[in-house]
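In this document, chain identifiers A, B, C, D, E and F correspond to the written order of the chains, with residue numbering beginning at 1 in each.
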Amino acid sequence: MSAKQQTSGLAMIELILFVLLVATAVVVARLRDLFAAVMLTGIFSLVSAGLFTLMDAVDVAFTEAAVGAGISTILMLGTLSLTARREEQQPVRLLPFLVVILVGGALIAGTVDMPAYGALEAPIHQHPMYNEFITGTEQKVHLPNVVTAVLASYRGYDTFGETTVVFAAAIGVFLVLGGRRKKSAKIDGGTP
Amino acid sequence: MTAHLPILQVVLPLMAAPLCLLIRNGPATRYLAIGVAWTSLWIACQLLGQVVAEGPISYMLGGWVAPFGIEYRIDAVNAYLLVIVTMIASVVLPFGVDRIPLTVPAGKEYLYNAAFLLCICGLLGISITGDIFNVFVFLEISSLASYTLISLGKGRRALRAAFSYLVMGTVGGTFFLIGVGLLYQATGTLNMADLAERLPASFGARSVVVSFAFLTVGIGIKLAVFPLHQWLPNAYSHAPARVSAFLAATATKVSFYLLLRVFFGIFGVTYVFGTLRAQNLLIPLSLLAMFVGSVAAINQTNIKRLLAYSSIAQIGYMTLGLSMASVDGLTGGIVHLFNHALMKGGLFLVVACVGYRLGSDRVEDWSGVGRRMPWTMAAFVVGGLSLIGVPGTVGFVSKWYLVLGAINRGWTLVAPLILLSSLLAVVYVWRIIEIAWFRQAPAGAKREEAPLSMLVPTWVLIGATLYFGFHTDLTVGVARQAAQALLGGTP
Amino acid sequence: MSGLDPLAGVDSANGRRDPMRMQEKLVLRIVSKATVPFILLFALYVQFHGDFGPGGGFQAGVIFAAGLILYGVIFGLDMLERVAPPRVVEFGIALGILIYGGVGVVSLFLGHGDAPAGNFLDYNGLAHDPVHGQHLGILLVELGVGITVTAAMLAIFYMFAGRRMVERPEFGAPEEDQP
Amino acid sequence: MSQVMDHGIYWLCIVLMMIGLYTVISRDNLVKKIMGLNIFQVSVIMFYVSMGKISGGTPPILVPKDQPGAAEVVYSNPLPHVLMLTAIVVGVATTALGLALVVRIQEMYGTVEEDEIIEMDRTE
Amino acid sequence: MFVAAMVGVLVTMFLALVRAALGPTVFDRILAANMFGTKTVLLIAVAGFLTERPDWLDLAIVYALVNFAGTIAVAKFCRFGNLADDVGGAE
Amino acid sequence: MTMAIEIASWFLLVSGSIFCVIGGIGLHRMPDFYTRTHAASITDTLGAGQVLVGLMLQEGLTLVTVKLIMVGVLLFLTSPTAAHALVKAAAAHGVRFDGAPGGVSEAADERAGDD
């Protein structure tokens, strides 16, 4: 099989997976059984992780699979066990639809003159940064995984921030959900 | 060590937050936070002095050269902002320092202080960085911390306010991310200086226009620019008093700075106002914000909500100054940023003082409060006058420059409109003053001033509005330098 | 949920348990006893192999936490809390960040080459030659990320799983832990 | 037609974004809103990652120098991947905090439907 | 030939997705989701061979593990309505 | 010899994926939940197993094969367990054998949600 055929074959698979992904998203958005919707967000994450792999973003796929299909699903289940399992009927609203059409139209208009998908001529591949990351990782950091090198060294400060985001979320959940192991909310007669 | 001041500015509060978790003791972390805030203020002043004397400072994180690594870049604009944020933090944190246990969930004070420190660190991180993706990261740190802090407010409405802020804020953050992505694909870089250099080559591309729009809308949501402001009144009126004082004085200011940076530092004044003609949209929106905000403020029955709507109007002044794109207008906008931080912070602290004694933020319950808490209410009067823009207060200075900018630009219609909206401010400020001073207090009310630990910080801010109302050289001088730096195109 | 619990044969409100539960979970218990250590081991592999293949501190932390959460889901929250006490978890959240920031601060004092002192997170000075310094720095930093992420995810899970469903309050129900 | 081939992936990303955004702004159920936010964020991540792809490229994990053909290997751009790792983390952090708020709202209001909550706040 | 395997897996994924969307019971959905997960594992494995970078298999392992953890959590949730109780009983 | 391995590997890959598709179809054609479980299990054991063995034959004896074996063992261990847990849960919920939706179907939920 020639390299070109292989590339186009992969592109085809990417496209099919993407259509699957969009279908999943539509189903998630439409389902009123939240439990089923949670299951499908798990699937959504797995499909998107598969797509990330095909787009060469192995680390992103790794993370998305672990986070989306693992932690997020478990958190959502935890929430559902404490709230309602079904979404209630609601009227169709026009305004959000208009907003979405507007935003989406703007974005599509903006992408038309972007470089083609996968083109080597795109500015982001031509900027010296791309070269520096590949060769610099080899020479100065000396690690095979470029993503790890960029993540932890070149842009290590972003990763510091990222860890702080997780920390902030944990503090937030601590403060919001606070007192653990409540058997029931205590209800007394006073007003706040 | 002075070479490392830029990074210490952010890392100090950041590292103090996990320390709070190790200490696990309310009062100890409280004083730790205050110490950190004061040290940060000192660092910020040092940095400002350095910048004014020697020009922009650049600090390469990890020792990687600029476009490859992340760069901290401090010029007059963000040094100014660092001072504002740290100053407000160092005044708000000691506010009611001996009474915090009453307002924070029991046993969780160390977490509360950690969240506060993270919020400060996020805001400082946004202000100081020269890398646009780094902005996003710190934006999210500060946002997550502020959602948490807002949700701690009294009553269940605080939860809803925090949640809708979370949804709006995340959508705004994601819009910002889309904008950054489009910029990145057009230029291949994330460093702001590098962006400014490479962007003109692709100004013709539609993706750059769309990216500009997305960045503006994303920041606009965080800034609560007029049609995107819905989250703000709820968030500020239901948050704990100290938190609303801090956020009202800093969070929107930092967002405004970000807008300035994107407009002038990245896209450049000729592109934004010459090619895209952003002023055609911005000026009407700013004017609308000024009037809608003020009119809504007049109709409020809750004082925090009133002040929140007034904030929306004041943000209108700032964006108006920005859309003038002249040295005078920008100076007005930047000075107003500083001044508004002082007076809104002060006013929210007054509300906190009164709320502490009265337990109510409703306008009706304030009748006769002037005689019960004269010092506190005197502070409110001064702050209110400044909000109106009476000469001798800081509010006058910034409005003066805005009017000057409008006249210089030849916008004869805008100048009277600024004055007219100030008249609206008179209406809502006077309403409070009238109720507080000239109505009878309910029977049995005795004179009880707010505790000193609350009164002193309040008066520090209010006193500053008076001080800077007379000594304008410092604020206006730096603001003018900042405005020139922005218009000169050097990021 | 109200539709589910009676059918499940367990009244989760008062923790009454039916006799069937003990033996029916035999398969689950045995398989998970085999799987959980493997997950944890794999997380460690991801943590320390991240320099060479996909993965790194964050991924490892999430997988580690997922393994522990699986354990908690099967053996109960109480058992999990015996393995990973909440206090320790809370300590871990802070520890990871302090390691990360600590590496950054230490690098402020360590010079390399001609520079008397490095910048924040400049790993070059951490060892005798810059490449080793980079390796060491990345290793430590990823470790910090891993610790914080594991601890934070576990802590968040504790918060959610440790709560019980509250009866619907009437209109205007009062706050509980607000003053 | 070539336009579609070249930009189809981006457009699908945008369609996905809009599904997410629509769910966020139109649904009353707060859990559903969070799910919408998730979809929205994942689609943005997808957008970034697709920008970093180079056709015929491989993942940015360096092939050993001595391996045959190592010189011609093209690596996809690693920077978008790095950025998106951070974005995923931000996403899960927001999700966790949002869900925590939802749980508290359920406890305080007895519902997670926004219209009912607004109604309660109004009549209170 | 890898492509053929890939197409087979993709078709299966699609079928599973339809089942997950249709229901009718929650358990059908979970079953479909679980099956979907294992098929993703296969997809990644085959894709690794297709692009001649089979070191992606770490990813497949993660998928398999996370999928298992997720399914167990879901089954637990279905059975007991929460994630905290000790299912096996202390011994 | 290599030719034989090649052919065997192709055969396994193709038949594995065919089994997967058959399982997928079964997921739709089977009348009730329990029989569907059966169909799904086929894809996990026969389908996945054959594909993985096919891949192993392609690769020969390397680290990749070890990892493939690991994946295979994991799938063989976890998916029956997951299926087991699921079926137990379903049985406890009163999902019936005759293809009619059981206690937790959408329709039942609709009713339960109303009260």
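Here are a few things to note about the model shown:
The rule is short, and it goes like this: contacts are C-beta pairs under 8 Å (C-beta built on N, C-alpha and C of every residue); 3 or more make two chains touch, one makes a residue touch a chain.
Please read these numbers as outputs of a predicted model, since none were measured by experiment.
Contact with subunit C and subunit D alike is made by A, B, E.
Note on connectivity: the fewest chain-to-chain touch steps from subunit D to subunit F number 2. Counting contacting C-beta pairs between every two chains, the top pair is A-D. Centroids built from CA atoms put subunit C at 20 Å from subunit A.
Centre-to-centre separation of subunit E and subunit F, using mean CA positions: 9 Å. Here the spacing of subunit B and subunit E, counted between their Cα centres, is 47 Å. Separation between the centroids of subunit C and subunit E, computed from CA atoms only, is 22 Å. For subunit C, residues that reach two or more other chains under the stated contact definition are 1, 4, 8, 28, 32, 35, 38, 46, 52-55, 58-59, 63, 66, 69, 93-94, 97, 101, 104, 120-121, 123, 156-157, 159-166, 169, 172-173, 175, 177-178.
Within subunit E, contacts with two or more other chains are made by residues 6, 13-14, 23, 26, 30, 51, 55-56, 58-59, 61-62, 65-69, 72-73, 76, 78-79, 81-83. Multi-chain contact residues, meaning those touching two or more other chains, occur in subunit B at positions 14, 17-18, 21, 61-62, 105, 133, 137, 140, 144, 147-148, 151, 154-156, 178, 184-185. Considering their complex, residues 3, 6, 10, 13-14, 17, 20-21, 23, 26, 29-30, 33, 36-37, 40, 43-44, 47, 50-51, 56, 58-59, 62-63, 66-67, 69-70, 73-74, 77, 81-83 of subunit E touch subunit A.
Residues 10, 13-14, 16-18, 20-21, 23-25, 27-28, 33, 36-37, 40, 43-44, 47-48, 51-52, 54-55, 58-59, 64, 67-68, 70-71, 74-75, 78-79, 81-83, 85-90, 92-93, 95, 101-102, 104-106 of subunit F are the ones touching subunit E in the complex. Remark: subunit E residues 1-2, 4-9, 11-16, 18-19, 23-28, 30-32, 34-35, 38-39, 41-42, 45-46, 49, 54-55, 57-58, 60-61, 64-65, 67-68, 71-72, 75-76, 78-79 touch subunit F in the complex.
Those residues of subunit D whose C-beta lies close enough to touch subunit A in the complex are 3, 5-12, 14-23, 25-29, 31-32, 34-36, 38-39, 42-43, 45-46, 49-62, 64, 74-86, 88-97, 99-104, 106-107, 111-113, 115.
Of all residues in subunit B, only 3-4, 7, 11, 14-15, 17-22, 59-63, 102-103, 105-106, 154-156 touch subunit C in the complex they form.
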